Structure formats: C-alpha cells, structure tokens
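Per-chain numbering from 1; labels A, B and C assigned in written order.
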Amino acid sequence: MNIIEILHLIHEYKEYDENETETETVRAIDDVTLSIEEGSFVTILGHNGSGKSTLAKHVNALLLPTGGTVMLCGQDTLKTEELWTLRKNAGMVFQNPDNQIIASVVEEDVAFGPENLGVPTEKLEKRVEQALERVGMTAFRMNSPNRLSGGQKQRIAIAGMLAMKPKCILMDEPTAMLDPVGRREVIQTVHELNKQEGITILLITHYMEEAVDADRVIVMDGGRLIMDGTPKEVFSRVEELKACHMTVPQVTELAYELKKEGLDLPDGILTTEEFAEALWNLH
Amino acid sequence: MIRDITIGQYYDADSVIHRLDPRVKLAFTLIYIVSLFVGHGPICYAYAAAFLAVVIVLSKVPVKFMVKGLRGMLMILIISALFNVFLVQGEVIFRWWIFTISKEGVRTAILMVVRLIFLVIGSSVMTLTTTPNDLTDGMERSLRFLKVIRVPVHEIAMMMSIALRFIPILIEEVNKIMKAQIARGADFESGGLIKKAKAMIPLLIPLFVSAFRRASDLALAMEARCYHGGDGRTKLHPLKYQAADYAAYAALLLYLGGMITMAVLLP
Amino acid sequence: MELTLKNVSFSYNPDAKEPKYAVKDVSFTIRDGEFCALIGHTGSGKSTLVQFLNGLMEPTSGEVLFNGENIFGKKYPLKTLRQKVGLVFQYPEHQLFEETILKDICFGPKNMGLPKEEQLTRARHAMELVGLPESYEEKSPFELSGGEKRRVAIAGVLAMSPECLILDEPTAGLDPAGRDDILGTVRELSDQEGIAVVLVSHSMEDVAVYAERLLVMNSGTLVYDDTPRNVFRHYKELEEIGLSAPQITYVAHALKEKGFDIDDSVMTIAEAKAEILRIFRERNS
C-alpha cells in the first residue's frame, strides 16, 4: 500500500525586490510524481536548492501545492481543512536540533505533540515513556535539553514524533549539524524504527553513506526527480551523480575508477566487503 | 557553563511550600500584598512578619536568599524613607537649617520601609520556591477567566515558556558572536558611550537575525507537531489541587481575616 | 611566522583538589605555509585549543608564543595578533551584519585602522581569494546561499591578511559541492599565498586529501601529531576514541586480509587506484 502519493506536484513561489514588486516566479518543484510504499526506507539526495526539502514539506502540508496533488494516508493536503489532523500521520525532524525543542524539560517536549492532539493525560504518560525508551533516552527524561549533545537532541526530537504515533517520519537533513558520533546515533535509531515498528522513513541527506542502507534512493536536481531506484542502481551512475554535484561513497567511486581502467568489476559496489570480494574474484 | 544558568531565582529544595500548587503561591503573593495595605500600625506588621517567618521556615530556603532581593531595592528604600522623613508635616522633633523632621514623618517612613521589605520578601517566596515553568503554568490556569475578555492567556503563557527555553541559547549565541567579532578586531570595551553603543551593532544585528531564524524554524517545528493553539490541548502534568493546597488556601484566608479584624478593631 | 603552544592546560576549576581539565598539557608549533588538520570528537578540547591560538581564551597554565613572544605577556598587542592569526568560527555566516558584502568584509581592516582606500583594496583582494565575483560587492550578505555566505565570512577574516588561518569546521552543514568549494579555496590559500592553515574537521576523507599534518585530540590531550598517513595506521586506536580512518584505509585493510599484496597505508581514492592497478599489472606481466 502506498502511504504517500504525489501526482504532478508543482510548487512555485514569487520573489520580490526592495519595492515589494514581483521580480520573478521560482519553480522549486517541477512536475514531480512519486509514490512511497508503507514501511519503506527512502533516502532523498540532492544538492542545496534541488527542491528536496520543499518536497518533504509538502508531504505533511507545511507547504501546499501550486499545482498537482499530494496525498498522505489517503488524505488530500489541499482538501483537508484542519491540517493538524493530517500532520499527526507524518512527523518531521528538522536540521537544527536546538530550534525544534519547545519545552525546557525533555519529557515535556516529547509530550508536546500528543498534547496538541488532545491525548488524555493518563495515556500521555505512557506514550512519553515508550517514545523515550524507543530512542534510548529514558535516563534523560527530567533533564534540560540544553545540556544534551546534538545527537541526543535529535533523538529527543524523534521521540517527540514517535509520541504522536505517526505512520511516517520525514527527516529534513537531521544529521547535517552533527558530528560523526551523533550522526551514527541518529541513523541507527531511524533504521531500528523502520525495521521494528514498520514506520515509513523519508530521509533527506547530503551524506551518501546514509543512503547505502535505504530500500530506495531518489535523487533530485532542479526541482525534478532525476533518479529513482535501489542504492545499487543509483550509485552505479557515478558520472550522472557527479554532473549534479553529488558524490558517491569512496569505495563506490574507487570501483568505478578501476572499472574505467579496464577491471571488470560489477556496478554499484556499496560496501568494503563487497569490493574486496569482487576484486578477489577478479584476481 | 553558560547553558546551565537558571532563569529567575529558583532555589531547589524539597519542602511543603515547594510542593504547593503554583496557583496557591500566586494567591499567597496577592493576598499577602493586600494584607500589607489593609494593615496599619506595629501590631499588624508584627502579625504579617510572623506569618511570613512561618512560611519562610516551612520553605527551607535560607534567609540570605530571601534577603538577596532587597539588595536591588536598597536605593528605593532609602529614597522613600528620606522623602517621608523630611516631607511629612506634623509635630516637629528636629530642625536644622531648612530641614525639619516630624514625629509623623518618622512613623510613616518606618511603616513604608517595613511594608516594602515585606512586599519584596513575600514575592521572593513565590519565585524562590516555584520553577519558572510551573509559574507560567499557574498563571495560565489562574488567568484563564481573562479569555472571556479576549486576553490570549494561552498564547502569552506559551510565549513565556518558549522564552525560558531560548534565553540560555541566545546568551550563548551572544558570546559566540562577540568572540567572532573580536577575532575580526572589534572592540567592545574602550571608548565613550556613543562609541560603545556603535560597537554593539556588529553584535546586535547578527543576534536579531539569528533570533528571527530560530523563531521561524520553531514555528515550523510546532506546526509539524500539530500545534493549533490552546483549544483541545491536554497536559502531561495538569495542575491538580491536593489536600495540602486546600489547607494552604484555608490558612491564607484565616490570615487575611485576622489582618482585617485587627485593622478594624485597632485604632 | 611561528605559533607555539607550550604545555598549555585549561581547567574551569584550576584550584580544586582534583581539577577537571578541558585541555591538558598540550604542546605543538605551527610554521609558515603548513596545512594542519585538528581532529577529535565533540568535547575533546579542540574548540578551546583554537581559541588559545589567537588569544580569545587564556590557558590556566602554559604559554602561547607567537614568534617567540608570550601573547599573554603584559602589553602584548592582542589586537595585532588577532589580525595575524585569523580565526573563522563554526557557522561564520552568523556573524555577518553589514548592508553590503564589501562593507562587511571591510569590518576587519577598518578595525585595524587602515585608510579607506587600503580597506577596499584588501576587501576586494579577499573576495577574489575566496572566489566571489565583483558583481557581489553591493549585494546584501543576507540574500546569498549558505555556501556563499560562508565565503563572505571567510573573506572577512582574510581581509586582515593573516599569516595563519584557523578554520573551525568550515564545511559543517554544506552540501558536497559546497564542501569541495570551500576546501579547494583553503588549499589554494595555503599553496599560493603561503598562509599556514589549521583546519578543524570531522571528515577523515577530507583530512586525508588536504592536510599534511594531523593533530588528534582526545579528552583534552594531544594523542597524535604526525602525517595523516602515519596517524591512520592507528585506525583501531582511533576507533577507540570515537574517530575513524577514511573508508579507503578500511578498503586497503580488507584487501590485505583477503591476501592482496597491497600497501595498506593508502588513504585516498587516487592512491588506492594506483596501488590496485599496480597489483593487477604485476600479475599480468
């Protein structure tokens, strides 16, 4: 079943100069059609300004289409009056960990979403507890978010989404401001959620390594979808990726370079082990 | 570390007063202030002092923290005392050059100072024993009736709690920007007032830009978490009166009753 | 130019019985034209360390010497030092404040008390160094993209003509194209202008390509000070302190384990490619 259905989505915004007169219309999303299967882990890649973040914001109706339709769990974002009833299905984690934590105590922040949904107090307690346990932050329940590391803050933000019991979580570059340890923490957590709870994950990132374990990788450029496939399929197209300012994991690039030199390696090698194995077979 | 600073002056302790519902403590502050204006004369103030002393002992907050709030008030206390001493007319007890001091003047000055001291200490009890977050909660609940006349009580409370969360972050930000500008040769210390004020521009503009960026990020994050105003919102820890809270209300009313009786009966 | 840290330590409670150290007994010297990278996980003390280098923080013990002179000595002109040792903080675009890019970049030279003409010459030169076109001069810094803003901020420090440039994670939050742009620019500054560079980074892949010397911090102490190649030989020890080696290093080790006769100190794609091709060529001949 498809949890997200996007049909011929177009998003435009107008730019104004100092005198408030319209200068140009920018098309951030240009005719995108896409469906996401429930329970899948999808990574969206693309350089800054490729429209990937704008696309994600359409899924939970933070932005509304200029043209086309976006359906989340069968609900049309343009035809829904109270958008919050739709947003509870798709939590969103943002880039800056500090700017998405609302309360001064961890547990109260996690409760913020379900509080808005009107979940009764008796059940709130339980939801907060479970969500914190899910991300491994139970010990920090009564702490102030200010004293947590970046990775821990992002896990709190994820717990805040889980407490709303969403079907899908959108992650808008959640690791861009973290150090490698924090990045690992966050990516591991979302993979667990995907596998164990069956929550659909839409991960937007710059880091190719984070795309390797996804079920599906989508590459955007200039507001369009330019590639869509398994990580193996997408990362076989090294030249094309480079043409739109993307990199591939180092081992993939090495295999690609060797292939160019005449070594008969398979396409789209993603891991060190795979590479060593393939090279040994050639030897 | 700068992120550890506490906003307000909350003193962490486990006492009866700390555990009271913030609404009770708001009521205490209000009633205590009223009682100070109802009462007059030394007996009334001794009564008020005794009541305050009991509350302070129960709160387990060291007296020196209570008195701290007075330091900032010192100038105001001295000035109001001097005004009363010299300007109130009455039976003259001292005269020198153009200055006269009257018996009534001294009396009003003392009462005035005592009243102010009690007022400051009385409200410190609330801020010292209640976390800013509880205080915000308490105010939201107590002032809910104002919604009838369209005061956005929930929104104000939400703004206050967001401010509490972001003040430490912004202070840290000030620090960072300041260092970055010093690294570019900025000088925040030397020069006269105008030069100093001008030197603040490279600090203030980035700070505002950052505050606005954070605000817009936060608004988006709140929307994504289904925030749609105060209607239909539940709470993880809703305020609920316990037996002790009712007892405290009763004690407050008894105290106020006692004060009114004294004020009426005493000359 | 010679910038030396001599047995520096920093503690928030130096007088306590058991003081806690953010930095403990660190010594090293940075010389003209060197390209150093400083790595260590968050909280390892590297941010404190870089602030010693231009006198923004004073160590609780030890000395910081610039050309042999103690920068915390009495009457030492710290303001002049900060021009010679430029520090670009993390997310430096957050410090931009002027109406136009040119004015913002002039802020440093203006604080140095240079005449107006000289300020402009320096600012324009700095813009050129970071690859900002002349047409940007009158633009507002707030209407640029993230990567461009960052270049303006770096130009703001370069306009003071520093002899040593310290960059605290200059690529944080940028996309791959932006990352390569900034690092390429920094490399040119080092190669062509002879500026000594200290690059604080989390990316071992970048460090392997760009740096000629690698300083590794762990819980306040300097654990390695060597060429990247030599440091990455200790990839297991690096993992123990929450760091890693570039992916290529792992590839080389995996190949060696398989039985390839490969030099396992390779650390960049180009090196690995040459090495593997050599193996295959030797086998064929």
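For this structure, a couple of remarks:
Here, contacts are C-beta pairs under 8 Å (C-beta built on N, C-alpha and C of every residue); 3 or more make two chains touch, one makes a residue touch a chain.
Just so we're clear, the structure is a prediction, and the values are computed from it rather than from any experiment.
Viewed as a contact network, the protein chains are fully connected, with every chain touching every other. Two chain pairs are in question, A-B and B-C; the one with more C-beta pairs in contact is A-B. Between the CA-based centres of subunit A and subunit C the separation comes to 30 Å, rounded to the whole angstrom.
One simple way to say how far apart two chains are is to compare their mean CA positions; for subunit A and subunit B this gives 44 Å. Centroids of subunit B and subunit C (each the mean of its C-alpha atoms) stand 47 Å apart. On the subunit B side of its complex with subunit A, the touching residues are 3-4, 133, 161-162, 164-165, 168-169, 213-214, 217-218, 220-228, 232-238. Contact residues of subunit C toward subunit B in the complex are 51, 54, 56, 79, 82-83, 86-87, 89, 92, 94-97, 107-108, 111-112, 142, 156-157, 160. Against subunit A, the residues of subunit C that register as touching in their complex are 41-42, 145-147, 172-178, 202, 205, 242-244, 246-248, 250-251, 254-255, 257-260, 269, 272-273, 276-277, 280, 283.
Only residues 60, 62, 82-84, 87-88, 91-92, 94, 96, 98-105, 107-108, 111-121, 124-125, 128, 145-147, 160-161, 164 of subunit A touch subunit B when the two sit together in their complex. Taken together, the subunit A residues at the contact with subunit C in this complex read 47-49, 95, 149-150, 176-177, 179-182, 206, 208, 245-247, 249-251, 253-254, 257-258, 261, 263, 272-273, 275-277, 279-280, 282-283.
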